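Chain IDs A, B, C and D follow the sequence of writing; residue 1 opens each chain.
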Amino acid sequence: MEYKRLGKSGLQLSILSFGSWLTFGKQVGDTTADDLMTVAYDNGVNFFDNAEIYSRGQSEIVMGEILKKKNWRRDSYVVSSKVFFGLGGDNLRPTQKGLSRKHVVEACEQSLQRMQLDYLDLFFCHRPDKQTPVEETVWTMHNLIQQGKILYWGTSEWSAPEIMEAHTVARQYSLIGPTMEQPQYNMLERIKVEEEYHHLYTVLGLGTTVWSPLASGVLSGKYNEGFVKETRLGIEGLEWLKDRTLAQANLERARKLTAFSKELGVSMPVLAIAWCLKNEHVSSVIMGASKTSQLQENFKALDAREKLTPEVMNKIELILQNKPKRSDF
Amino acid sequence: MEYKRLGKSGLQLSILSFGSWLTFGKQVGDTTADDLMTVAYDNGVNFFDNAEIYSRGQSEIVMGEILKKKNWRRDSYVVSSKVFFGLGGDNLRPTQKGLSRKHVVEACEQSLQRMQLDYLDLFFCHRPDKQTPVEETVWTMHNLIQQGKILYWGTSEWSAPEIMEAHTVARQYSLIGPTMEQPQYNMLERIKVEEEYHHLYTVLGLGTTVWSPLASGVLSGKYNEGFVKETRLGIEGLEWLKDRTLAQANLERARKLTAFSKELGVSMPVLAIAWCLKNEHVSSVIMGASKTSQLQENFKALDAREKLTPEVMNKIELILQNKPKRSDF
Amino acid sequence: MEYKRLGKSGLQLSILSFGSWLTFGKQVGDTTADDLMTVAYDNGVNFFDNAEIYSRGQSEIVMGEILKKKNWRRDSYVVSSKVFFGLGGDNLRPTQKGLSRKHVVEACEQSLQRMQLDYLDLFFCHRPDKQTPVEETVWTMHNLIQQGKILYWGTSEWSAPEIMEAHTVARQYSLIGPTMEQPQYNMLERIKVEEEYHHLYTVLGLGTTVWSPLASGVLSGKYNEGFVKETRLGIEGLEWLKDRTLAQANLERARKLTAFSKELGVSMPVLAIAWCLKNEHVSSVIMGASKTSQLQENFKALDAREKLTPEVMNKIELILQNKPKRSDF
Amino acid sequence: MEYKRLGKSGLQLSILSFGSWLTFGKQVGDTTADDLMTVAYDNGVNFFDNAEIYSRGQSEIVMGEILKKKNWRRDSYVVSSKVFFGLGGDNLRPTQKGLSRKHVVEACEQSLQRMQLDYLDLFFCHRPDKQTPVEETVWTMHNLIQQGKILYWGTSEWSAPEIMEAHTVARQYSLIGPTMEQPQYNMLERIKVEEEYHHLYTVLGLGTTVWSPLASGVLSGKYNEGFVKETRLGIEGLEWLKDRTLAQANLERARKLTAFSKELGVSMPVLAIAWCLKNEHVSSVIMGASKTSQLQENFKALDAREKLTPEVMNKIELILQNKPKRSDF
């Protein structure tokens, strides 16, 4: 495994990491969850990603139990959680979500309890909250760091100006600003990481922990023959993701890439992950496997990088035809 | 129920909330208190207002017991307390009241103990304290936020320049300033909310949790035929409120409004509360019922708002004849 | 009893307060100590002064036991301690005294343990420490306030420029500066309070808790006929105080004042204390009685103030002949 | 023993102190460790130096046990630890070392546990970490001070510009900067202390706790006849130190100095230590004996200083021929 600094911070994450979104407490049983974490850890993964909303808290409970049972040294890994959606559902009271000081403080406390941890390493604002002034959120995150309940804070799916504003506020009040952003990033979803955040890498030293390297499975090739119901994109509540991801142009790209991956002698998922790793602005690629065999396969992306020569990368661009204008990738 | 941000903050309060002033630990028994809180919570109220001085601490004890027994999720509601008067009475030593760091810190700790809570959501300076520099109070409130003992702090019955001064000090030292003010507000008492604080809504994003929407019962119509002894305004110690509220002009207004409310097809209390809700600068209207039937009635104000068309509002102004000069209401 | 703000702070102290210097754990037994504190408290005294060095920690232990036993409301009184001398003696290691962060933090913790308290209301730097930069001490005191271990901090026997420097540093780093100074002050020792600190009252709002209103007994008249061995000034280690206080000029003044007090119809100690109370820049006068009868007598100073008319004050000046040039007293 | 302020700070260290590097938990048994600490403490040593990496945590465990058993007053001594290397070894994950907030916070907690202490007096960044922005480390150290887990922080083997940068950051955000640096310093290794840090003593008031006054034994004379395997420089992992220290020029100097020490009537180690003490910018010289007899001998350096007259010092310079250009020593 290789490790890389999370942006300009001193925290080094494995470039391949493991997230429990859509799997723990839902798609996979607790034994499989344990197996997946073990395979990940044994392969050098040191970042386990989570969020309050993942399986409505259940994902944190499962991960916490595994961490407790495994008894790995606490300083050998990094755990995250995210605040914004609360535990989801239609009955949420308005104080049970968003980025108000109340919800951020309470969500942090609750995540710590569910995970049975004393502190979170990373704490993300899962979405921007137009209903809360950035000052309030930045102050609260800073305060949680001061209290030792979190070590670093970041954002997820914020726009570049929103991240910039958080830093402006932090600068103004001498507070600790966000260290990282967790955007979606894969061959089909490139604008944010390659274009929009471009300036932030230089100016802020922003780190990125990217999610969905396989574009929700489209880049695994499993939708090549059309939509399959019993898959992630069939999960209720993920329609927003499904529609965008399964656009015809994307399915077309997936089919061509699958053919190309065979030429290259790697599996389609490995190609997709390796391609993400090639971007120097990506700190860590979060994998979300539901079987240990998948996960084992994914690790081959580390070696597959060497096959991604400039020529190969160019060929991929020719297939994708979606390179952002200002991409320096 | 509708919810609204407390000023520019990210905290959303139910626009109708419930206060225990003059009732808990005094006018109503503990069972009734429980019933009232339950009706309120079940109707979507998420803000329960309290203060150290209410029934000299007893009100907090009663509310704390109910919250403990009900076991509602802590993140689903907002509890306040207020500091300034201490537990009241003539034997108070000077350190047992006011806004000195000593009293603010000790009052907070004592409220938490009486309510059996780990933190207060809102903590108000119940009155301005000319005997304490604003720096001392702002620093102390900021410090309580840092320590996680309170989430937001505010003022009650402060003048606009006093609130402004608190923000000036907060700005100077990079501290967290007051989020909200709790003024009296109703058809008979309009100057502060409509005129005096006008500038503060824009400049500071001030939120308001207003008390006494029924003008201590005058707007319920119960004094229409003259003063009734066995009512709130007959409570010893409330003479200051009684004299001002029961002025002839006000009783006259109440009588006319009662007649008008019948025309409109709503009860007088419902009209009075709905009228407060129409003011966009009001974050939440605190109701203080002593019977569940009253409280149930009050909730009709939510629907009654639609009857308050511009024409109806104008008619009300013609009855009131007390519109502040600069009111943008 | 009357109460007065400690300088510009919001903390109100009884204008007569009680200190345990030279008595608790030394001159008086624990029962007498209890009696003295009780008489003081019952007469409205709300400030009990102490220091780590008083009887080498024993004074704090005795006072702590009494406070625990009495069970007075914690918010009804103010307790102080002071840091600088450590527990005294010749065997002190250099880290066990002074105003380094190490000693200030450790001394605070130790005082809290000896007194069985959760926090000190006032914490004094008992002397200036030329061996520690003011930054270090101000930061540490501020930090103790943030941690809730002390409420206000101050100085004792610092020069005006030293106090000013502490405030300059506090201003520079946005920290909480010293609230009060504890200087010696009485008819024979006037320069500091009346002249040196003059500017600080206006500019900083400095409060003062003054010690030794009877000039170590000289103003009780007991040395009028010469030095008496079995008295405070005969205590080993107090030679510095003895020599200065028992100067011939002072004994002469004491004799004349005693005669004058008889004319006025008050005892000499009462006159001396009442005279201190007349100075508006004195926040509280610390009495240090070793008998309850003395203490009871001292309280007469409150009433005796009215006898100190401008004419009487002038006559006293004629006797003293030591009025500082710039005194506004 | 003499004591000296640690730079401009208010903390006074014994000018001779004791470090457990290479001895505790390794070269010497626990009984000897106890004896060494006891001899040191009884001779007035008040600073015991340690680090997470020393014997991979074992050195802290041994020292902690001794401190617990001895029950010396906690305020009578100063304990340090250092963070950077983690517990060493090849299996370290990247989060288990360096100066990221994660490692600094976790290392501090772990050192406290191994030593069974509530706080460290001194906490050093054992090396600069190019992989972590100085902001992150300074913020973290400041935060640990605020939380009461450490009292002072410093650096070890940082360059002058690196130390300066830490202070610049501290100034920018109003944080507490590093108080001291722990460099190697002895007759053979002079550049850093005498030349490089020169400006920092004046501008920052930097204190120094210097290690290896005997140049890893070369200045004890034991390598005069050539390298001896069963000695410190023979320890695996210390090759970096061995090669530099055992350079021919150094062995030559050692032989000449040994001869000169005999003329002077002191042992070679005593001469070497006394020479370090003569430098006014040295706050404390850390001795690292493995036998009580050595340690006892070392203390003679205190008296030996008087033999180091200007003439003698000049003769030593003639032997050393390594005086830095700008040394003011």
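The criterion applied here is as follows: a contact is a pair of C-beta atoms (placed from the backbone, for glycine too) under 8 Å apart; a residue touches a chain by one contact, two chains touch by 3 or more.
Worth saying up front: this structure is predicted, and the values here are computed from it rather than measured.
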To get from chain B to chain D along touching chains, fewest steps?
2
What chain is the most remote from chain D, judged by the mean position of CA atoms in each chain?
B
Would you mind working out whether chain C and chain D touch using mostly the same residue numbers, over half shared, or mostly different ones?
different
Taking each chain's centre as the mean position of its Cα atoms, how many Å separate chain A from chain C?
62
Averaged-CA centre spacing for the pair chain C and chain B, given as whole angstrom:
44
Multi-chain contacts only, two chains or more: what residues does chain D have there?
146, 174
Inter-chain touch pairs (all):
A-B, A-D, B-C, C-D
Would you pull the chain C residues touching chain B in the complex into a rising list?
3, 5, 8-12, 46, 73-78, 121, 145-146, 148, 151-152, 174, 176, 205
Name, in rising order, each residue of chain B that touches chain C in their complex.
86, 93-96, 98-103, 105-107, 110, 129, 131-133, 136-137, 139, 143, 146-147, 173-174
